[in-house]
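Look at the two complexes coming up: chain A is in both, with chain B in one and chain C in the other.
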Partner chain A sequence: MRAGSTIAKVGRRSASRASRLYLFVLPATLLFVVFIAYPILWVAGQSLYVGTSAGAVFAGLANYRTVLGDPTFWTVVRNMFLWGVITIPVQMLIGGLLAYFIERHTHALRGFFRTMFFLPVVTSVSVISLVWVQIYAPYYGIAQEYLKRVGIVMATSPIGDPETAIYALIIVNIWQWTGFSMLMYIAGIANLPSEVLDAARIDGAKGWRLAVHVIVPMLAPATKSLLLLGVIGTLQTFPIVHLMTGGGPNRASEVFGTFIFKQSFVLGDTGSGAALSVIVLVIALTLSLIQIAALGARLTPAARQHP
Partner chain B sequence: MRKMLFLATTILAAALSASANAEQKEVTVWSWFVQSTMNKSIAAFEKAHPDVKVKYTYYNYSPEYITALKAAAASGSLPDVIGLQPGSLTQQYRENLEAVNERAAKQWGDKWAEKIFPVNRKQMLMGNPKGDENYYIIPQESQVLCIWYNRKVFEKLNLSAPKTYDELKAAAKALTDNGYIPMFQGAADGWQNENVFLMLANQFSPGIVDKAQAGETPWTAPELVEAMKAWKGLFDDGIFQQGALGAHAYPTGAQLFAQGRVGMMALGSWWMQESKFPPPLSEFVQNMDGFDFFYLPPVKDGNPASPPVGGIDIGYGLTKNGGKNPEAWTFLAELTNGVGLQEALNDLNDLPAFEGYSPKGDITDHVKEMSARFMADLPKAENQRFASPAVAEALDNALAGVAAGSIEPEAALATVQAATEKALAAK
Partner chain C sequence: MMPLTRLRIRGMLIHAVLFIVLGFWMVPQIYMLSIGLRTPAQAFDAELFTWPVTFDNFVTVIRDNPLGAIFLNSLIITVATVVIVVAVSSLFAFACAILRLKGSIFLYTTLLTTLMVPLASMVLPLAILLQNFGWVNTYIGLILPYAALGVPFAMVILKSFMEDAPRELFEAARVDGCNAWQTYWHVALPLVRPALVFVTIWQFIVTWNEFFLALIVLTKSEMKTLTIVPMQYSGLYMANPGALFAILTLIALPLILLYVLVQRAFVRGLLAGAVKG
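Presenting the complex of A and B:
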């Protein structure tokens, strides 16, 4: 009897403790519901309606059919694909090389180089866009001033040609975000266990061999994080394109961000804007899940060390 | 006793504070209108209405202003008065706006609308559902589009304002040969492309764009195809600068033009305000000494020069929230047709939308003369605005595609026709 009573008491205490513990997750849950879950559901709901807010009519999947049948959507998909497959590896490569050389071969000026290469990441996109539009401008542009000295005259602006606009924007994006990749790799290199590096050196690994066969594999968590962030960042691209080309000429450099913005805010077609947003959400979710499944969820050096 | 005294003092202070707050009424306004000029208009209004305080929030037009409006409209938290453009922007918020007909008639008399220039009056109703004759926007300022040129640079190169296309080409060549940018076109911006195309199209057939957007004439009509070919010609003939498709009119083009590095630029009457910006100003901008304007010369034998094209530069709407605040209309009325407007004109912001105003204050004869020319042309101006944003967007894409050589004029205009048919069917 006494034993049963004790078990019941312990059970009640445990249940009460569990309910108290749930209270601790309440603030985060509330924030998630109000600022993330509710807006997503609201947008998903909007994607099923056509017309203005006052006269919206339920249209089922009509907005999705319209969006998928729009040639601009497929231009956007192509651009996003190019954006991802070019920017992510190039940023990783240049960022990794910068990190390696700064950490291994600079001493007194290490802080200076780190700051200089990271500067574009913290510079306003508006300023970056203005400067790069000027750099690309033929005839009176900054690049033209230097090219003139070697006899090269630019006939058009790379952002004004439908064939080259997306690549010109990708270059700007790489220039801006390589510093971020560098920083991630610097953190990774700083966390490398010195005993492993020493052991590799004793075994005769040095220079290129040390970098490729020892350091690069050990930086895999940083690489995975950059890959995941790169894919999400690609899908979120907006300000550079909006400010430099507005998605033009003739929609040649349109990306999901500018396409959604135009549909929703310029054309006032909230339904198709919402449908596009849901499509982007599904793509982002799918790609993230694939990456986590393929590469594992252990993305940071800290997570690697403390599984 | 001391407690009682303290309580009584607190209640009295609270009552006085509440009374002071009740006396000070507030009007909230959002717009993309130049903040320094708006502050002058607000100061003049508050002087005339000392019991009203105006709280102005400035936004960049895109993306900040249009996203802020959208979010506020969805949550029912629009301010009392919002800046509007006629046509698509006004129509997007029509359900959130009060019709102002009765208030305007009470304020300015039954024939108030006749005091507004015809092109503006037409634009005020653009995009309204059939049979809806209500006004949801009161225009504050008008504009007339034109080609500005740097008369000092022209004089230095022995050029005069071109009257034929050959003269225009010759001027562009002379400017280029002498290291100047011939005609700066920010062709990465749809609005400047639309403006030039409207100048061209109205040269081939006045009012044809209006007919096309109303579905009365196809966009593939020969005159519009000719206008599209002429548009391409401006790029191919070296009249626009190289790489124009990647350039922006603001801030790049405007800065280069103000610095005297550009010969010509398709802008509008608002350019005069450059001379009122804070110093230092270039010798060209100072009192507009370096600038004068002309209309685009005939691009084809037998055409006239482009007629004036223009209409509402900016207007304001009274939101449903503002409809509950009597002072909101008082402010809107003064801003569009009263002391607020006069201040904006004195700042040379643009031309009035209502008749009977002219800029006052420290303005040179040259500026007065140009302002008078614009005012004389305004009553006969062709419409520059689009009722449907989808049609404007399709035209922007068509113009960029043709300029880039990635689509032929006829095919490009067919896409605009398709967008127009879709927009008209949805209406």
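Presenting the complex of A and C:
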């Protein structure tokens, strides 16, 4: 720690003036304590209490037992697993391909393609959800109509069938966020050291061989960040599901976000809402820390790497 | 010249494929605009395009709805959040990267855990906290939680840019008699301008489109933001898709236009501090 000498360097001042420098970190710390740390501690405490007519009563792990015994919880776990396992690789693949062709094979239209494919990210998610409800709609929606013309006939709306609802929602999510993966890979490709690419080309690596054996491994930092952000993003999924199916039909497309929302704000069951919040938090922290430790994944794809 | 023509043909082919993919990718947006431009007679046609088009729906929804007031709610909350995030995170990054205050790296690591917290697990405790503060249906009730959630990301980016800045400049500022505040304002901030622009735009997008917390905190209709009003219009215009999709187009438009205007600066900031292999 060079901290002590640096304070002296910034100016030889008394202890009280040096401590005034802590005003630089005070606002961020206050925001963190009041709006992040305190709510987390509160929700962890609250998850141990059950609300009764006489007020909250300490109940140990009763809320957790209730939540884990609820079949909906396991539907949510399955849906979240599907969501992450499908969304993350598909977004990486499409986003990576788009980034590769846009960066390496377009010139005049590069900015145009970069912007257009990113537009779903900046389009309000509630607008997107309602548009996709219309696309999927029976009779007047275009999805069923156009699929019929190529020979695929659907008996029901894809979001009205418990078997297919979650996949129909996953498609919307992939569509919305692929532009983000694309942009992260664009940043990665634009910063590839040209000496390495030239060396590989001299060695005879061209086209796909260059892409697969040289570029893909060099984009590993972006891929790891996207995996980490994808897992956290999956766990906080809410608007698309809430607006398109409300977790239905028959709770088949329920995710953590909608489940917490219902328990806490519709049923007013703060105890199990809190237990669920803690479970989601623990899953997110565990999966994140594993990735950071095992893969060296970073939370901010746009930050530079430091030795 | 054989190889040149082959290269040209390949280039054209790649462009053609990109345009086809983009055409499919834009279907939802095209469909939204297309329904908004329909007459009531065509509104339920299962077609991507219909003819003729009319602007009547846009005229109706603009006349009948307080879109300006809703837009203003979004703008106030977003601008205030962005200003706080940029100010607070750059101060913090300066303390870590340049002042190297004792304990600042510990604080930095602690604040960083915020990035691993899914919003879904924060909405219940934040809702209760805001209720206790009496901040339900207030701007501040969204601004401060948004700022707390946004600061860690901005702080990481700004810290890494400040660490990459030439240290001699900070030494020179000290020799010239600048105190810490002056160094922050006159040296550090101008040096990390691309990062400030990037952080500003990203925070603007995220805040403008935030849905979950806004849904819970803003229940009064005069407080609602553009992101959470579409639901009420989907009920209001259930029998009139033309009007519904006209208003959805208008709701989505401001941020899309803004992004198109600033995308160059946004991508430049991203590339300047991008992932290194």
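Keep in mind that, in the parts below, the second predicted complex is superposed on the first by the 258 of 307 C-alpha atoms of A that agree within 3 Å, B and C clash if a C-alpha of one lies under 4 Å from a C-alpha of the other, contacts with A are read in each partner's own complex, and residues count from 1 in each chain.
The definition used in the following text is that a contact is a pair of C-beta atoms (placed from the backbone, for glycine too) under 8 Å apart; a residue touches a chain by one contact, two chains touch by 3 or more.
This one's a predicted model, so the numbers in the text were calculated from it and none came from an experiment.
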| item | value |
| --- | --- |
| Partner chain(s) touched by A:Leu130 [first = chain B, second = chain C, both, neither] | both |
| Partner chain(s) touched by A:Ala211 [first = chain B, second = chain C, both, neither] | neither |
| Of chain C and chain B, partner touching more chain A residues | C |
| Which of chain B and chain C A:Asn250 touches, first, second, both or neither | first |
| First, second, both or neither for A:Ala284, with chain B first and chain C second | second |
| Touched partner set for A:Pro162, first chain B, second chain C, both or neither | first |
| First (chain B), second (chain C), both or neither touched by A:Ser264 | both |
| First, second, both or neither for A:Met154, with chain B first and chain C second | first |
| Touching partner for A:Tyr139 - first (chain B), second (chain C), both, neither | both |
| Chain B versus chain C as contact partner of A:Leu31, first or second or both or neither | second |
| Shared contact residues on chain A - chain B and chain C | 130, 134, 139-141, 242, 261, 264-265 |
| Chain B partner contacts - residues on chain A that touch it in the complex | 52-54, 130, 133-134, 136-141, 154-162, 165, 242, 244-246, 248-252, 261-262, 264-269 |
| Chain A to chain C touching residues, read off their complex | 1-4, 6-7, 9-11, 21-25, 27-29, 31-32, 34-36, 38-40, 42-43, 46, 98, 101-102, 105-106, 109, 111, 113-132, 134-135, 139-142, 144-145, 175, 183-184, 186-188, 190-193, 196, 218-222, 225, 232, 235-239, 242-243, 256-257, 260-261, 264-265, 270, 273-274, 276-278, 280-281, 284-285, 288-289, 299-306 |
| In the complex, chain B residues that touch chain A | 62-63, 66-67, 70, 73-74, 88, 91-92, 95, 181, 187-190, 241-248, 251-252, 256, 261, 389-390, 393, 396-398, 400-401, 403-404, 406-407 |
| Partner chain A, residues of chain C touching it in the complex | 10-11, 14-15, 17-18, 21-22, 25-29, 31-32, 35, 44-48, 87-89, 91-92, 94-96, 99-105, 107, 110-129, 144-145, 147-149, 151-153, 155-157, 160-161, 163-164, 174, 179-180, 183-184, 198, 205, 208-209, 211-212, 215-216, 226-231, 234, 241, 244-245, 248, 251-252, 255-256, 258-260, 263-264, 267, 269-271, 273-277 |
